[in-house]
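Chains here go by letter, A, B, C and D, matching the order in which they are written, and residues are numbered from 1 within each.
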Amino acid sequence: MINKVVKNAKEALQGVEDSMTFMLGGFGLCGIPENCISELVELGTKDLTCISNNAGVDDFGLGLLLKKRQIKKMISSYVGENDEFERQMLSGELDVELIPQGTLAERCRATGAGIPAFYTPAGYGTEVAEGKETREFNGKMYVLEHAFNPEFAMVKAWKGDTSGNLIFKGTARNFNPMMAMAGKITIAEVEELVEVGELDPNQIHTPGIFVQRIFQGTNYEKRIEQKTVTPKS
Amino acid sequence: MGLSKQQIAQRIAQELQHNWYVNLGIGIPTLVANYVPKNIDVEFQSENGLLGMGPFPIEGEEDADLINAGKQTVTILKGGSLFDSALSFAMIRGQHVQLTVLGAMEVAQNGDIANWKIPGKLVKGMGGAMDLVASAENIIVAMMHTNKAGESKILKSCSLPLTGVNCVKKVVTNLAVLEIKNNAFYLIERAPGVSVEEIKAATEGDLIIEGEIPEMKFE
Amino acid sequence: MINKVVKNAKEALQGVEDSMTFMLGGFGLCGIPENCISELVELGTKDLTCISNNAGVDDFGLGLLLKKRQIKKMISSYVGENDEFERQMLSGELDVELIPQGTLAERCRATGAGIPAFYTPAGYGTEVAEGKETREFNGKMYVLEHAFNPEFAMVKAWKGDTSGNLIFKGTARNFNPMMAMAGKITIAEVEELVEVGELDPNQIHTPGIFVQRIFQGTNYEKRIEQKTVTPKS
Amino acid sequence: MGLSKQQIAQRIAQELQHNWYVNLGIGIPTLVANYVPKNIDVEFQSENGLLGMGPFPIEGEEDADLINAGKQTVTILKGGSLFDSALSFAMIRGQHVQLTVLGAMEVAQNGDIANWKIPGKLVKGMGGAMDLVASAENIIVAMMHTNKAGESKILKSCSLPLTGVNCVKKVVTNLAVLEIKNNAFYLIERAPGVSVEEIKAATEGDLIIEGEIPEMKFE
C-alpha cells in the first residue's frame, strides 16, 4: 500500500513558496488545518492567495497569517469576525474575492474532479455574475463558474491512515473533502494517524488517492467561535 | 410596534408543513426552530453540513466539531446526518430543501432581495445566501418592516446590491404577512393591533389590499 | 424525524406510469434494486426510459423488463451480456443511448445537485460529442453535458433508517448515491431497515433528504455475474 | 509470433512506478496486476468504486457486493477504500490515477484510439473507456500487433469510430514496445526473437527506427 506519511507540518509543507495559491479546509474555526497554518506563519511565506470559506478570527486560524501580512488575496464566501482583515481590506492591502458558498464548494469539487466549468443559478442577476457568461436552461438563468488551480490544499481530518485515507468528524468535514481532491499536492493533518487496515474501507470520506502527504497533528486547540448552550435544567 | 422578533419567528413557524426540510438563516430565522407545531415533523438543514439539527447542547457538552452555519455549537438529532459542503449545497441547489427562511435588508415587489452588502460599508460576504435564494422554491423573508431610520424595507425596487432576483414569495415582518405576486405585495395578515393604514404607511412598494385583512393568530 | 417508510415495493411504486423515465442503481447485477424491478415486471408498465449503467442479463435485473418489452429506451454505458437486449436493439424495437460511464455518473449527480450542465473531456472528438457543444479550457477540449430529468429513481442500499438515510456496502454503492439524489421521487429498498438513531450520522452515504420512500426488501438473490476465485491452496 | 498475453502484461508491469495509482482495463491489462515488481507500491483502481483492489477471493469467500469493473468477484486490500461512481470518475477525470492500461482495436500515430465500436456489429458500449482515455496523462495500450486477418492495428489513422483523440502515449504489443510522438510510432523495443523487419511488416503507421533496437528483457 502506498505510504504518504511525513513527519510533521514542516516536512509536509516542503515546496511551499511565496505567491502560491492554497486551499485551506474549514468552516469558521471548525475543521481548520491548525498545524499547517502555524507552520505557514513560521515559514513566513508571502503574497499568498488563500481559498478558504472564511478568514479566521484575529488571533486564530487564517487570522494569524493576515496579522503577519502573508496573504495577498482571500477567496471566500464570508469573512466577518476579524478586525485585522477589515483594516487590510479597507486600506486596500488585501484583495478579497467573495463567492457564494455553494459555488465555492462546487468549484473546489470541480477542480478535483476534472470538470473545468459548470453552470449554477447562484448569483445570477447580482454583481457576482458581472462579467461572467450566463445562460438559460429550462427557463431558468444560470452563471458559468470555473475550477480553481491551487498548488497546495491543506485539510484537517479526524482520523487518517498511512495511505492517506481520511475520516472527518461532525461538521468539521465541511470543505475539507473537496479541497483534498483539488490540490496538486494535498496535505492532510489528522488528529489520529492509524495503520492501514484500521479504517473501514466503506466509511472512508476521502480516499487516499487524493492525499499526497499526511501527518499526525499536535496541540489541537479546536476553538469554539460561538459557544451556545442550553442551561442545565 | 407590532410583533417581537420571537413572534415573527412564531408566525413563520405556522408556514411549516409536515415532512419539510428547512434551512434557517442567522438571526430571526433561527428562532423559528423554537415554534415548530407539535403535530408535524420537519428537519433543519445547516449548510455547513448537517441535517437534523437539534437544540443547543447542554452546558458542558458543546463540541467544537458540531456547529451550525452561524458557527454556534449545536446538537444533532437521531436520524440526522453529516456531510460535506458540496453535498450540502447539492441539497440546496437541487431543491431538496423545501423552505428557506432568511433575513433581508430590502425586498422588492418583483421578489428581488438584498441582504449582503451596503456600498461603502464593510462587506462580510454572502455566505450561502446567494445559493439559497437562487435555488429554493419557497423563500420566506423574516425582517422588520422598516429600518432604524423608519424607512420602508418593502420596496418597489431594491437600492442595495442584490442577493437574488425574482425569488422571494413571502415576507413576514413585525407588521404584516405579505405575499409577492404580480409584481406587488399582497397584504395577507396584520400583526395584532396594527392597522392597514399603518402598514400602508410603512410600505414603499405597491401594496394590494383585497377585502378584509385578518389579524395574525397565535396560540 | 420525518418518516419515509412504505410497506413494500408495491406501495413504493405508486404513481409509476407508462412512458416515464426511471433511474435504476447498480453496476452489472451488483447493487440493483431487485424488488423494484420485480414489481415493475408485475405492474407491466410500458414504454419506459431507463437510465442505468447496464441492462441486466437475460433472466435477471433489467433483462426481466426487456423480456416483457416494457422498456422503450435504455440510457447506459455498457449493455453487453444480454441476448434479448441484442435482439431488440438490432430489430429496432429498443432505442439505446450510450454514454461514457463517468459522464453518466456525473450527469446523475448534476441532476440531483441542481447543476443543469457541465463540461467534461470524455468523448471529445468521438461520435459521442456529435451535435454537442464543445469548448476549450486551458488548452484542452471539453464537451457540454446536461442533467437528466427522471420521474423516479430506484436504488438499493445495504442499511437504511426510517428517515431515509442510507448506507451502501462494498462496490454495491456505485451509481446508487447519485441516482438517489436525482429522482423527483426516490425509492430506496434496503436489506436492513432500522430505526432512526441506529446509523452513525457520520457514516451515512446518502442523507435521508434525498429519499422519499424506503422499504425493507425481500428475497435478495444478489447474483454474481462473473465468479472468479483463487483456488484454495 | 512474439509475446504471449501474459508476457505483454509482464512487459507493461515494467512501466509501473512507485506510488502510482493504476486503472487496468478488461483483458490483457487485468493481467498486469500479476507482475507488479516487488520493490514498488502501486494501488489498483476499479472504476465501479474501489481502490486497493486485491486478487480474486479464495473459493467460497466471494462476495456479490465486491466486484471489479469487469464484474468479476475481487477482494480489497488493507488501506483500500470504497466510493460511488461519481467520485470514482472524479479520480479519473481529475488525473489522480497515474496510469491507465487498456486494450484497443486500433491505435493511430497521432495517439487516437478505437476500442468500442465496429459499425454493423453489435455495440455493447464504451463503459468507462472514453472517460479514461480523455483524462489519463499516461495511457498504455495493450494489444496484439495485428488482427485475426493479419492486418495491422498500428495505423496511420483509425478507421473505426474513435474512443479518444491524441491520447495514447505508448503501445505494447506481442511484437514491440512503441512510443507515440511527433505523429509517428517510435520503436523502442522488440519482442525476443522478433526482428525489426517483422515489426515493420506488421505496422501500417509511420514507424521510426532510431539506432539499434533492443530486445525486451524479462526477469
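Just so we're on the same page, a contact is a pair of C-beta atoms (placed from the backbone, for glycine too) under 8 Å apart; a residue touches a chain by one contact, two chains touch by 3 or more.
Keep in mind that this is a model prediction, so the values were computed, not measured.
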{"item": "Both-way neighbours, i.e. chains that touch chain B and touch chain A", "value": "C"}
{"item": "Distance-maximising chain from chain C - centres being C-alpha averages", "value": "B"}
{"item": "Centroid spacing, where centroids are CA-atom means, of chain A and chain D in whole angstrom", "value": "36"}
{"item": "Centre distance in Å when chain B and chain D are each reduced to the mean of their C-alpha atoms", "value": "56"}
{"item": "Inter-chain centre distance, chain C versus chain D - centres from mean C-alpha coordinates, in Å", "value": "28"}
{"item": "Multi-partner residues of chain D (each touching 2 or more other chains)", "value": "76, 82-83, 89, 92-93, 135"}
{"item": "For chain A, residues contacting two or more additional chains", "value": "106, 109, 113-115, 120-121, 168-170, 202"}
{"item": "Touching chain combinations (by label order)", "value": "A-B, A-C, A-D, B-C, C-D"}
{"item": "Complex interface listing, chain D residues touching chain C", "value": "46-50, 55-74, 76, 82-86, 88-89, 92-93, 112, 122-131, 134-135, 161-166"}
{"item": "Chain B-facing residues of chain C, complex", "value": "1-3, 109, 111-115, 161-163, 165, 181, 196-197, 201-202, 204, 207-210"}
{"item": "Interfacial residue positions of chain A with respect to chain B in the complex", "value": "27-31, 53, 76-80, 86, 89-90, 96, 98, 100-106, 108-109, 120-128, 158, 168-178, 205, 222-232"}
{"item": "Contacting residues of chain C [partner chain A, same complex]", "value": "106, 110, 113-121, 137-138, 140, 142, 146, 167-170, 202-203"}
{"item": "Contact footprint of chain A on chain D as seen in their complex", "value": "19, 21, 41-43, 45, 51-52, 76-83, 87, 89-97, 135"}
